[in-house]
Amino acid sequence: MRIGVLKEQSDKRVAIVPAVAKKLADLGATLQIESGAGANAGYDNNAYDGANIIDRAAVLQRSDVLISINPLPEDELKSLQKNTLLISEFKPFFDKDVSERLKTQGLRAISMDMIPRTTLAQSMDVLSSMASIAGYKAVLTAANILPRYFPMMITAAGSIKPSKVLILGAGVAGLQAIATAKRLGAQVEAFDTRTAAKQEVESLGARFVEVAGAKEDTGAGGYAVEQDEDFIKRQREEVQKRAMNADVIITTAQVRGRKAPILVPSSTVEKMKPGSVIVDLAASTGGNCELTQDRQTIQHKGVFIVGNSALADEMPEDASTLYANNLLNFLKLIIKEGELNLDFENEIVQSAFITH
Amino acid sequence: MRIGVLKEQSDKRVAIVPAVAKKLADLGATLQIESGAGANAGYDNNAYDGANIIDRAAVLQRSDVLISINPLPEDELKSLQKNTLLISEFKPFFDKDVSERLKTQGLRAISMDMIPRTTLAQSMDVLSSMASIAGYKAVLTAANILPRYFPMMITAAGSIKPSKVLILGAGVAGLQAIATAKRLGAQVEAFDTRTAAKQEVESLGARFVEVAGAKEDTGAGGYAVEQDEDFIKRQREEVQKRAMNADVIITTAQVRGRKAPILVPSSTVEKMKPGSVIVDLAASTGGNCELTQDRQTIQHKGVFIVGNSALADEMPEDASTLYANNLLNFLKLIIKEGELNLDFENEIVQSAFITH
Amino acid sequence: MLISLINLSYLIGAVAFVWGLRLLSSPDTARRGNILASIGMGIAILATLVAPISGGDNNYLWILIGLVVGGGIGWVAAKRIAMTAMPQMVSVFNGLGGACATVLALAELFKYYDGTMTMGLGQLGIVLFTLLIGAVSFTGSMLAFGKLDGRIKDKHVILPGHTIINIILLVVVLALAVWLMIQGSAAGTGLMVVFLVASLLYGFSFVAPIGGADMPVVISLLNSFTGLSAAAAGLIYGNQIMLVGGILVGAAGTILTVLMCDAMNRSLLNVIIGGFGSAGGGSKGESGDQVAKEATVTDASIQLFYANSVMFVPGYGLAVAQAQKALKELDDLLEGNNVDVKYAIHPVAGRMPGHMNVLLAEADVPYPKLLDLEDANAALKDTDTVVIVGANDVVNPAALDDPGSPIYGMPVLEVWNAKNIIVLKRSMSPGYAGIQNPLFFHEKNRMLFGDAKDSIQKLVQEVKNM
Amino acid sequence: MLISLINLSYLIGAVAFVWGLRLLSSPDTARRGNILASIGMGIAILATLVAPISGGDNNYLWILIGLVVGGGIGWVAAKRIAMTAMPQMVSVFNGLGGACATVLALAELFKYYDGTMTMGLGQLGIVLFTLLIGAVSFTGSMLAFGKLDGRIKDKHVILPGHTIINIILLVVVLALAVWLMIQGSAAGTGLMVVFLVASLLYGFSFVAPIGGADMPVVISLLNSFTGLSAAAAGLIYGNQIMLVGGILVGAAGTILTVLMCDAMNRSLLNVIIGGFGSAGGGSKGESGDQVAKEATVTDASIQLFYANSVMFVPGYGLAVAQAQKALKELDDLLEGNNVDVKYAIHPVAGRMPGHMNVLLAEADVPYPKLLDLEDANAALKDTDTVVIVGANDVVNPAALDDPGSPIYGMPVLEVWNAKNIIVLKRSMSPGYAGIQNPLFFHEKNRMLFGDAKDSIQKLVQEVKNM
Amino acid sequence: MDTVLQFFNEQLIMIYLLIFTIILGFEVISKVPTVLHTPLMSGANAVSGVVIIGAILLIRQADSGDVLQLGLGTLGVILGMTNVIGGFAVTDRMLEMFKKKKK
Amino acid sequence: MDTVLQFFNEQLIMIYLLIFTIILGFEVISKVPTVLHTPLMSGANAVSGVVIIGAILLIRQADSGDVLQLGLGTLGVILGMTNVIGGFAVTDRMLEMFKKKKK
């Protein structure tokens, strides 16, 4: 079985790192790596010894399984053999007909972002590993942009108050952001609609901002449910109050398959101190801040709004390592003795397979 | 007495912030601020209410005291009235004839970087406040560039070892860098030639790298003395050993009035892991790393070398506040009842006055 | 001259008892205290053997037989018994002591009723008291032994309305005693036997309703009874050391009983009439039909203090309780006592990647002490005690051996390979995955219920006391 | 009947003494303990007043005069005395108790020598013992008082070769006692007076070489002497409560003396022949000709525990000692006892801007507890106790009032506005600026020498005990 | 009543001794750490075996022909001796685990 | 020697009492925190004033004409009473500061 690994087009990461490549070889697979695939993540071609380093066209044509983090451009799909198994993050919740499109091309596809968020599947859960990096990076980015100190400083040249950091959405990314901001000495508050979030936030030593009346999310598989109008209104007011005092806001609130809720409207942004920073990790699904521009950092009335939801990309080495490990753990599930062995009884395999 | 405050030409900071402007007015001075002086630091013209906002030419011509962080361009000096008192960082240790040049122009000058590093003068010590910011920012910059995590992470997608951070030179900037890197969860080692440094490093919970035989610095007023050849050689070897393992090196070693010692030669850089980061805060005096380019970030064999020694500039709001407070404390010493009152008996005034 | 020596021996014996008990109450000196007390006992017995005696044939052979047989039984029993069964053993020994006092009282009464001896009213009272107390201590202790050993279940011996039965029995026994005193030597051995049987019955009935978990308290109480019976016997024989030793044990036993109740946060009365309570109010450790065994803070701290290696397994509960600094304190304390302490970090412990790392870094736990899954599983085999601090799913053996489990196939920390397991959590509720954890019912495991920070702080206190 | 009542009263009194002392040894109950003991004393005195007595004229008037005069003096003295002079007062009271015993012995001897009474050899010995011990206690206590009060300086009373003089004196006194016993009633009052004077002299000489700082230990020792003399007097009068009370104080006083020596890390012997040592071995607190006063951990912890507000002033020494977490623990402990705790952060404390912030954040001290220079100086005026933890230059008053000082003009934390100051540092060495700090010699200040972390941990222990 | 009072006055010292012994018993135990509860209980139990002294006296005072008394006495010695030896031995075993290291 | 032995046997209970009192004295004090050393010393000192009982007995037993004895006795009462009252009062004052709050 030949596994092809492609170089990402606009991403510094690589789906398979050398250490994982070796382990895949041990599973009986033949690795074919696009030349330069790992270069931006710190792995040059030599690092992948044992694997075939070939050019992109060759990888595309000669692989049984094709791995990339971001889906291939549509035009390249045609060059593939029938029945090739594609593994990428297809985001079928947003790209609703991707499954159909691939099927008509005679391809099979696994979407890594569809792996269930269960305890068992956590070792394959790329959303978690990448969100964790994004949360960490979001704080570093904000700290770097903010024209002020994060920690408190009583110095001979005056006393500096600690920065106030507000985290909206305490999922994996939000929690990591809380931990990182606390480490840097900021005063951290966080908010989330899930009821379990309060305890989780407090388990990191941060304060939870409470808004009464959130809808329960039991049964939604750990994903947040959409909240009603009135609630969102009261919540916005609360956020507005906090935002006026916050130096940094990091938003991570997402609702699966929908546009991200607007938690920070322009009116709020305008009340913030100049120089303050908003990092919007939900930018790719529309953003939690009204003014967010996807993949851009803008300044609005002195407030920086970072619309980069692919922050993991900016820590390519560890991000690639973690991603590759997740992939490895998943591939172990579907490769038996060097050949594909798809058990559709298995909940994980079943959820992840979007086209077969 | 009219105090003029200029907008910096290539610096986001401003020497006087609105709060300090008010206090200066209370001391009896008339403030004349160049329009837009504080804009990049988050203070627009309106913030300076009570002060005269005028254009640059007017400030230059009509001030008894002229304040800026960086010295004025030579050509502007001609437009000044005779006897004008300039307050800037003239760095007379490097720009050795600045004092003469100013004198021939009939100007008087105070160099803020010449304020003695004594306990008494610490509230006016801009080198300390700016170095502290630089140390903090250096770590954030490194963390942002590094393609790896700082803290240890044991996750479902693999275990990430904590990054190793090596700090060379444990002065004010170095200590702040130690503290910040430790906060972020890195493993921190530090080195300095001063004997007191070991205790200071350990007082922040970091490890001190010991190299036997450093020259004592007693009597040099807290500044490091130059070390002999053999010592520097052994030290380089030690650094090389540590550097090969370090993910981040932050260098701050300076010797007053001389080129910064080379602590990280190219050969060392080449042995570092790709993706590692060197932040060289001594860049402006030649750099502690052989490859450092002043004010540039370069990449050498995969290693990032940040040659920015003016990191305080990247946190303009707090940097300006602290700077302005230092200035205020100093001005209180030389302004009595709204007029200049220069007491050359005073050690601080005497040291700071480079031309009179 | 000889008499002085005997008296001096008794005095030394008495002081040895007092000082021995004193030493017994501090861990450093406890062992010496026990030896001192036993030496005191040896001196007292020797002195009694050689003491000049008026009338009587000495009959040393009989004594020798008794000493050898009794000593042999005691020695063998004490050496053979398993560590875990020691409290039962103590209970048996205590019962025998009570029986001995009863036998002495019977011997006096036989002489009294067959007319070979006369007694004043006071003395008769003392003898009857000795008999009663000794008998209660005997049957009570034996039942306590049965309960502790698991041979007798609470339900076998608790009658409905047991408290009332007890009160009635007590009244009967006391009435019999009064009647025997009024009758004097006219009463005869028949009535004496009735009194004996009633006393024995009361001892049994007294202990019957008390829950199995309260047995240590009961044994302590019965021990102070035995002490009193020995003191009373001392009055019969006019012997100071019996009196002093008996009173001492009576007092010490009583206060010890109270302390034990305190440690359990209950009153003595509550324990004694606890028969009702013990049946209802299901313990925290129950779940379905399985029962998880609870550890006391003391048990747990002993297992930590005397271990060579300890592994902490932190989980989400550590974070919820914000117990990381307390845990580090416990760590430092144990390291200071030459215990090797490590932390096993499961990759998914907590609620975000690296959750445990963040917490433990905050508490300044050095990185080399943190083991990841693989290293930890290798190290667990040689670990004496594992302490699971608010973790659950990550130590669930079902992941390895129950194909029906939703987490089947996930690698977990194989804590059951260590010698002892202690789980700190608040209840039997499941963790994030919402599934029951068979580990809690593992024979090596003991639950220490309560908020993790609380529990750890208690452990710190207790370890400091050692 | 009456006799029984009297005996019962004495019994109750004795038990009250025992229980009172017991309660006195725990801070929670100490006050109650003192009251209980005093009630016991009252009962015993009352009983003695009404006890039936064979022969003798009662002479209640004389007694009444004595009670009123003595009670009056005692009461007024106890109420008037300044808090700081209490140990001296205790010493005086103790001496009076010893004198009382001596007076009793003299009264017996007068009767003996004028032939109105006979005595056995044993009894004579007891009387002489009473006289000797009482007299030693009397003069010894009086000298201790003088030393403590500063009226008598060590140098006034220490003779060269004092230990030898003491040994000779002791031999003389003992020889006199033996001689008096051999002579029996033939000895006469003359020799008795010689014995008395020698005893008084020995008491004085015994205490003379002991350093002023060791006086509390000596008082405790003399107190146990007084106890013994009371017990001996109890034997003279065949009175149980004197005997029991005296023995109790003798035993308790002895162990307390040993404990006090332990707390000072010295042996009793070392204290008693300490005359040589006390002059040499200059204290850590000396610098030039000024001497800084030292605090014990106990003093310091009392000042913390009973304060309403405490301000910590951290400096570079906190960082060097890495004592931030210990400090937080102390903070938590004090807050738990309703002490308001704040931290005063001087802008240049430590070795880098924000050094203290980094440390205290690491220890999780909440931001609102940190006061900057201005706020701190405002709050210091209402602060009961300031603890300076390894800071030096930042609390140097010379910055404000010594124009010659290199730091003159720098704003500093005006800690001397608080009620008490405690400085934790290792020695008298200066800080970064290299200049001496007059604060250390401020009358409100006490130095607690040692590594800051060590000292704080000791304070934590001590405060926990309160 | 009178006999009681008389007894009280005669046995005064004895009563002192009893009361002091009780206080002493309380005092000696009252600060014991919970770890030691069980060993202490066990040690106290061994001490209560002092009742064996009575059994020995019983035998020694008996006629060598009085089988009832001798039998009871021997039974008493066996019971008491088991308590004493077993008690001390088991306590010692319990305390073995405290012998390790100290701070 | 014989008289000593005889005394020992006669006063046996008394000796028990003495020894137990000593142990009790040790025991009661041995765990006192250092904060209480001084108040405890002071309290113990007040108790040692029990010697006043002897002075009272001395006066009561004296002839009303025996001025020497009465004088000595009265002196003793004054000394003892000062010790007792002063001792308890001063102890109480010392302990006042412990009356504040408790954990």
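In order of appearance the chains are A, B, C, D, E and F, and numbering begins at 1 in each one.
One rule holds in what follows: contacts are C-beta pairs under 8 Å (C-beta built on N, C-alpha and C of every residue); 3 or more make two chains touch, one makes a residue touch a chain.
Owing to the predicted nature of the structure, the values given are computational and were not obtained by experimental measurement.
J.: With a step meaning a move to a chain it touches, how many steps does the shortest path from subunit A to subunit E take?
T.: Between subunit A and subunit E, the shortest chain-hopping route counts 2.
J.: Based on mean C-alpha positions, I'd like to know which chain lies farthest from subunit F.
T.: It is A.
J.: Look at the interfaces A-C and A-D and say which one is made up of more C-beta pairs in contact.
T.: More C-beta contacts join the chains of A-C.
J.: Over half of interface residue numbers shared between subunit E and subunit F means same, under half means different, so which is it?
T.: Subunit E and subunit F contact each other through largely matching residue numbers.
J.: Which chain maximises the distance between its CA centroid and that of subunit C?
T.: The chain farthest from subunit C, judged by C-alpha centres, is B.
J.: From the mean C-alpha coordinate of subunit C to that of subunit E, what's the distance rounded to whole Å?
T.: 19
J.: Report the inter-chain centroid distance for subunit C and subunit F in whole angstrom, where each centroid is the mean of the CA atoms.
T.: Chain centres of subunit C and subunit F, defined by C-alpha means, are spaced 41 Å apart.
J.: So, what's the distance in Å between the C-alpha centres of subunit B and subunit A?
T.: 37
J.: Distance-wise, how many Å sit between the C-alpha centres of subunit B and subunit F, to the nearest whole number?
T.: Here subunit B and subunit F have centroids separated by 75 Å.
J.: Give me the residue numbers in subunit F that touch at least two other chains, ranges are fine.
T.: Residue numbers touching two or more other chains: 13, 16-17, 20-21, 23-24, 27-28, 31.
J.: Which residue numbers or ranges of subunit D touch two or more of the other chains?
T.: In subunit D, the residues touching two or more other chains are 18, 22, 244, 347-348, 353-354, 358, 362, 364.
J.: If I count partner chains per residue in subunit B, which residues reach a count of at least 2?
T.: 122-123, 128-129, 132, 151, 153, 155-158, 160, 183, 185, 205
J.: Quick one: in the complex, what on subunit B touches subunit D?
T.: 118-120, 122-123, 128-129, 132, 135, 172, 175-176, 179, 183, 199-200, 202-205
J.: Looking at the complex, which residues from subunit A come into contact with subunit B?
T.: My answer: residues 12, 41-42, 122-123, 125-126, 128-129, 132-133, 136-137, 140-141, 143-144, 146-149, 151, 153, 155-158, 160, 180, 183-185, 273-275, 302, 314-319, 321-323, 325-326, 329.
J.: For subunit F, which residues count as touching subunit D in their complex?
T.: Subunit F residues touching subunit D: 17-18, 21-26, 28-64, 68-70, 72-103.
J.: Inside the complex, what are the residues of subunit F that reach subunit E?
T.: 13-14, 16-17, 20-21, 23-24, 27-28, 31
J.: If we count contacts the way the header does, which residues on subunit D are in touch with subunit E in the complex?
T.: Counting only subunit D, the residues touching subunit E are 1, 3-4, 7-8, 11, 14-15, 18-19, 22, 240, 244.
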